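So that you can tell them apart, the chains are marked A, B, C, D and E in the order they are listed, and the count of residues begins at 1 in each.
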Amino acid sequence: DDVVVFAAASLKNALDTAAATYRETTGRTVLVSYAGTATLAKQIEQQAPADIFIAADTAWMDYVADRSLIVPDTRHTLLGNRIVLIAPAASDATIAIAPGMDLAALLGDGLLAMANTEAVPAGRYGKAALQSLGAWDSVAGHIVEADNVRTALAFVARGEAPLGIVYATDAAAEPAVRVIGVFPEDSHPPVRYPVAMIAASTNPDARAFYDFLLSDAARPAFETEGFTVIDAGS
Amino acid sequence: MTLAVDISARAGGFALDAAFESAGRITALFGHSGAGKTTLVNLIAGLARPERGAIAIDGDTLVDTTRGVFVPAHRRRIGYVFQEGRLFPHLSVRRNLVYGRRFSTTKERWADFDTIVDLLGIASLLERQPAGLSGGEKQRVAIGRALLASPRLLLMDEPLASLDEARKADLLPYIERLRDEMRLPIVYVSHAIDEVARIADTMVLLVGGKVVANGPVSDILARADLRAHTGQQEASVVLTLRVGAPGPDPHLTTLEHPAGRFSVPRLDQAEGSEIRMRIRARDVALAVGDPGNLSIRNRLSATVTAIVEAEPPTVEVSLDAAGMPLIASITGEAVRALGLRVGQPVTALIKSSSFDRAAFGPAARPSDA
Amino acid sequence: MLEPLTPQEWSAIGLSLRVAFAAALCGLPIGLLAAYVLARFRFPGRAILDGIVYLPLVMPPVVTGYLLLLAFGRRGPVGEFLERTFGIVLAFNWTGAALAAGIMGLPLMVRAMRLSLEAIDRRYEDAAATLGASRPIVLLTITLPLMLPGILAGTVLAFARALGEFGATITFVGNIPGVTQTIPSAIWSYTQVPGGEAAALRLTLIAVVIAFAALLASEALSRRAGRRVLGQ
Amino acid sequence: MTLAVDISARAGGFALDAAFESAGRITALFGHSGAGKTTLVNLIAGLARPERGAIAIDGDTLVDTTRGVFVPAHRRRIGYVFQEGRLFPHLSVRRNLVYGRRFSTTKERWADFDTIVDLLGIASLLERQPAGLSGGEKQRVAIGRALLASPRLLLMDEPLASLDEARKADLLPYIERLRDEMRLPIVYVSHAIDEVARIADTMVLLVGGKVVANGPVSDILARADLRAHTGQQEASVVLTLRVGAPGPDPHLTTLEHPAGRFSVPRLDQAEGSEIRMRIRARDVALAVGDPGNLSIRNRLSATVTAIVEAEPPTVEVSLDAAGMPLIASITGEAVRALGLRVGQPVTALIKSSSFDRAAFGPAARPSDA
Amino acid sequence: MLEPLTPQEWSAIGLSLRVAFAAALCGLPIGLLAAYVLARFRFPGRAILDGIVYLPLVMPPVVTGYLLLLAFGRRGPVGEFLERTFGIVLAFNWTGAALAAGIMGLPLMVRAMRLSLEAIDRRYEDAAATLGASRPIVLLTITLPLMLPGILAGTVLAFARALGEFGATITFVGNIPGVTQTIPSAIWSYTQVPGGEAAALRLTLIAVVIAFAALLASEALSRRAGRRVLGQ
């Protein structure tokens, strides 16, 4: 049977490339089921036929770990990402991302596009960053939330919202937006994509792909998309 | 066949209470618009449930509320020609016609497709869809459909109302043949007293949901008290006469009447067979003494038995013609001019040509059931 | 847009077709039954049944999918029963996708069929009964043919809905290429990454073309039936 | 009113080619089932478009394919009583009845709600829904609905077929009153020759989609060559006679006939007014010499003008009764027995009571339009 | 489940009601028009129109939402026009949510109405014309009343769909609490965080109850109309 990976949707391009590389070198096919991390976690809870889980945040990985659904010592942080403040490409808005910044003034009567600040990791990181920079309270009533970071990006790209907070990976690939600034890593919990093998997996090939993901061979696939590859063990 | 009905039912604010028995080959349901004829026919067909009561055919119970019996419509083998056609809109005329065929067993099946199609003149319509048919065409197909299901009892709710006279004249003998040759009992709803008088032997008269009379058609038509309900303007008698030996004119059929000569336009009935005919009082004239040189050849010797004032100027003179009844309706002026009185011998004059084809029917052959 | 489709996309199209056909065709008898019962019988709890049929329309698809996962998942009561008794596994299987799509389409199907059924003049059924047709025969020869427009409309609605269904499907059976990845799941995946719009639109167009073909076919059938009823 | 029709139309495989003009107050459309009557009426109403041709009422063009004129149905003010009722199922009887009211201007509105409801006997049905009505009730409501729209021309497609005799007898005089008092021209489709003969003055005879004859009813009924199409079994004449001075019996009305005495059951018509009546050949008997002491009081002196063999045994004897035509149908046997020949003087005998109410109608008053 | 609702939840419920009503009611004339045109006229491009009406059913909601954003966003051609000409802003506004929900419900609405319309015996309309009623009057007094079951069914379908619509709405107008956060958006948020199931189910139940009420109301209306047609 083919190895089945459950992965957060935002990893699609990178993981598809990695899987293609893997197939070229080993001849073995890997199937990746992309969905929201929450959905994947709940499916795994319902004995989904997954061999490997790559989450977009640690909370849902904790969720499956708490239920002993993963092989504990296979949990590793695979990738990192950054969140950035963006504006439409044509915008000349500038602001230094630092404590006390006056984001509200920059917004004017526009809205700040973010992924859902309670539910979606990208949104949660953004909220934490704004809070730690003291800008949250002044913009809280002026946020338009999306169900995922891609929609938030689209809001800015389409010029509907003057500013937005998205992953660096998304911003880099979208010519219609301009990165105004990158949020300091210490202003929010680090953006991490943990990986783990599923406890119920019986696929003998799973381990090989897992190892491949953590190996240097997979590195270019992730880095091309703008992810930071977190060295195993770090 | 005996149809025994004793039911109460209601539809909206309308209450039907009908109890009658009919052993007739054709039972006419007669009554004004809204009298409950269709309601009653629906109950017999099994399309409606009575509140209480029972319906049985030849002792075979179809409904009996006290015993909780209710035979569903499809098991009754009762054909129904609806007042409004109700052809299946999604089936061709042919498939409408044969619809009921497959539900009868070969043994029960007496209806022949080609015969019925020819008779109804619908051969050219077979591949058509009902929606394009004219009013009369629809009704003919509906009759054919009911017949082709080979029912054991046929309900016809004003089946001929939308047909022209020529077609009616074609169909009535066929209905008689169904009655006589196929021995198919029929419950026949009609407003046309001529039709009823011709083909029905038993009549159930409905007024406002109640049966006010039922029995032989001749008895009911003769009852003056029912005339308002039967919608007749005037009296008539129904006689059953035997076909006599052929006379000199081959186009006339002589009927044996004890009171005198009686010939009518030729009937295709064998000598000795019985004929039922309705003689309307308006068609009977009277002569006192020698009638003179008249074109009216049918002359019956009779005695006046009663003289009754009907709606002026009409007076109905009841006659006894050698034991057979006859009624003449003439004007009061004529009664006075002729000096008519009870007991007086008169000659009843009846024009041969006052009968049209529709007035005659072979008397229903006694059922052997 | 003119690049050849990837094998994964081909398999998503094939799967979507399979899922949509299965959803529409297996939904058919259930939808018919529900429509018939709702239109023709008065019984306690009828309103509840009526409401239940509408549920999948009202609930966000994700919730429906999640409830399906809870019920029909391998650990779910129904799922466990089905697996133990019949060896049928719905979760993470294309059959599950068909189930999800079927359930999402059911309200549309039932509604269309019910409307047609309620518009039928019941006197035709009475007429058929007097000709000797029993209840089931009347249903087959009169009622169903007369409600054909509604059956077709309902089936096409369910088919189209199945082609577009995403939320419940991905939540219930996931998005495993070749196994449970339908066109909408593939489209959604594309929308989640930079630069995926073109591929997403291309797949969308394919779904639209398929639905369009189904629609035209049903219209043609319906027109033929209608022409028959209206007298050529 | 003049109705001028000259059109070709087709419906499926059926082709209608009708050209006629009628200046009649009531124009009867007569023809066998499937002859195209409803098709023609639909064209007049504006519910169908002809392939080519024109229809005009009093010179007001409704359709003219050469000029591209097509007045839509709702602007024609043509009432239509459909063969199948077509009551709006979602409206109560009352709301069905008043439906067309609001579309006529006050000036055009001649129909009175209460009068029409009473006449049709539908007062008790007003709050009902059409679905629960009996066949005859539906038809009466449909007639009322058409009338209450105050049309300038009324199309009636077999309007009385589903009504009982009593109701028919009530409605016919009303239709006559519409014709005479309301001056409402009517196109009347009917299979009943009696009805037509009584109320229509003009008749259009359709056979297989073609008009084979049109003109005054009396002319068409007198034409032996059309009898197969009119569905009549026998001949008749339609006479227009003047009401004479009252005689001794108040229940009889004397009609002035130049050939002799002629009285009929009382008509409520003023002395001097004109009456139209149909005398069926079957109701006329002949006497050569003194008729004797008969109950038949109406005796007209006449001369035999022709003796025509009709369907045996019937022979039709045409008479000239002081310039007015009369036909007697008697048996060939009678002709021989009386030794009848052309030119012979005879006495025509007509029973007063052979006319029922339905046989008479006031002659349509000359239109002043 | 028995905890009191948070103010945000209350406002989501209020907003969802507003959006669903607006979607159903504003969709009504458009749906009617589309149904009428599709059922009654034959014109070139009719099949295309028919297909377009079905589009929102076939396309994954996210795609629909994205296309709406492209067209009706402030920078979209239609959106710009609307804003410049009428000052109407749909993006990030509850009206945009209603538009999204309305469009998603349109296929359902049109289908139901068309079925009813096609089942009407046109001879009633002819009869009304002979009584003097012009085309629009016939439509108002005969056609629309006779298609009432379909209108009601279509409206309830659209209403229910609007209550459950999530994908297109969030993609088009996002999720601004108190402005565009409808019940499904709120539910979805809950499902995305560990332990949010109870709150999600509670809101789902509320949506279901609302839809149920709408359903019962429409059935009652429909039955009243039907009873009238069938003769009390």
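Keep in mind that, in the parts below, a residue touches a chain if its C-beta (ideal position, glycine included) is under 8 Å from a C-beta of that chain, and two chains touch if they have at least 3 such contacts.
Small disclaimer: the values here were computed from a predicted structure and weren't measured.
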What chains, if any, are shared contacts of chain B and chain C? none
Note, CA centroid farthest from chain C's centroid sits on chain D
What is the chain whose Cα centroid lies farthest from the Cα centroid of chain B? A
Let me have the rounded angstrom distance from the C-alpha centre of chain C over to the C-alpha centre of chain E, please. 20
Averaged-CA centre spacing for the pair chain E and chain D, given as whole angstrom: 57
With centres defined as the mean C-alpha position, give me the chain A-chain B separation in Å. 91
Mind checking the centre-to-centre distance between chain B and chain E? Centres are C-alpha means, answer in whole Å. 61
Which positions in chain C touch two or more other chains at once? 62, 66, 188, 191, 231-232
Residue numbers of chain B (touch at least two other chains): 12, 128, 132
In chain A, the residues touching two or more other chains are none
Applying that definition of touch, give me each pair of chains that meets it. A-C, A-E, B-C, B-D, C-E, D-E
Going by the contact rule at the top, pick out the chain C residues touching chain A in the complex. 62, 66, 69-70, 73-76, 91-92, 170-171, 174-181, 188-196
Which residues of chain B touch chain C in the complex? 45-47, 72-80, 82, 86, 88-90, 99-100, 103-104, 128-133, 145-146, 149
Show me the residue ranges of chain A that touch chain C in the complex, using the header's touch definition. 4, 6, 9-10, 12-13, 31-35, 39-40, 42-43, 46-49, 148, 150, 169-170, 172-174, 225
Of chain E, residues touching chain C in the complex: 47, 50-51, 54-55, 57-63, 66, 107-108, 111-112, 114-116, 118-119, 149-150, 153, 156-157, 160-161, 163-164, 166-167, 184, 187-188, 191, 197, 200-201, 204, 207-208, 210-212, 215-216, 219, 226
In the complex, chain D residues that touch chain B: 11-12, 31-34, 37-38, 83-84, 128, 132, 134-137, 140, 157-158, 161-167, 169, 191-193, 228, 231-234, 248-252, 263, 265-266, 281-283, 285-297, 312-314, 328-335, 337-338, 349, 351-354, 356-357
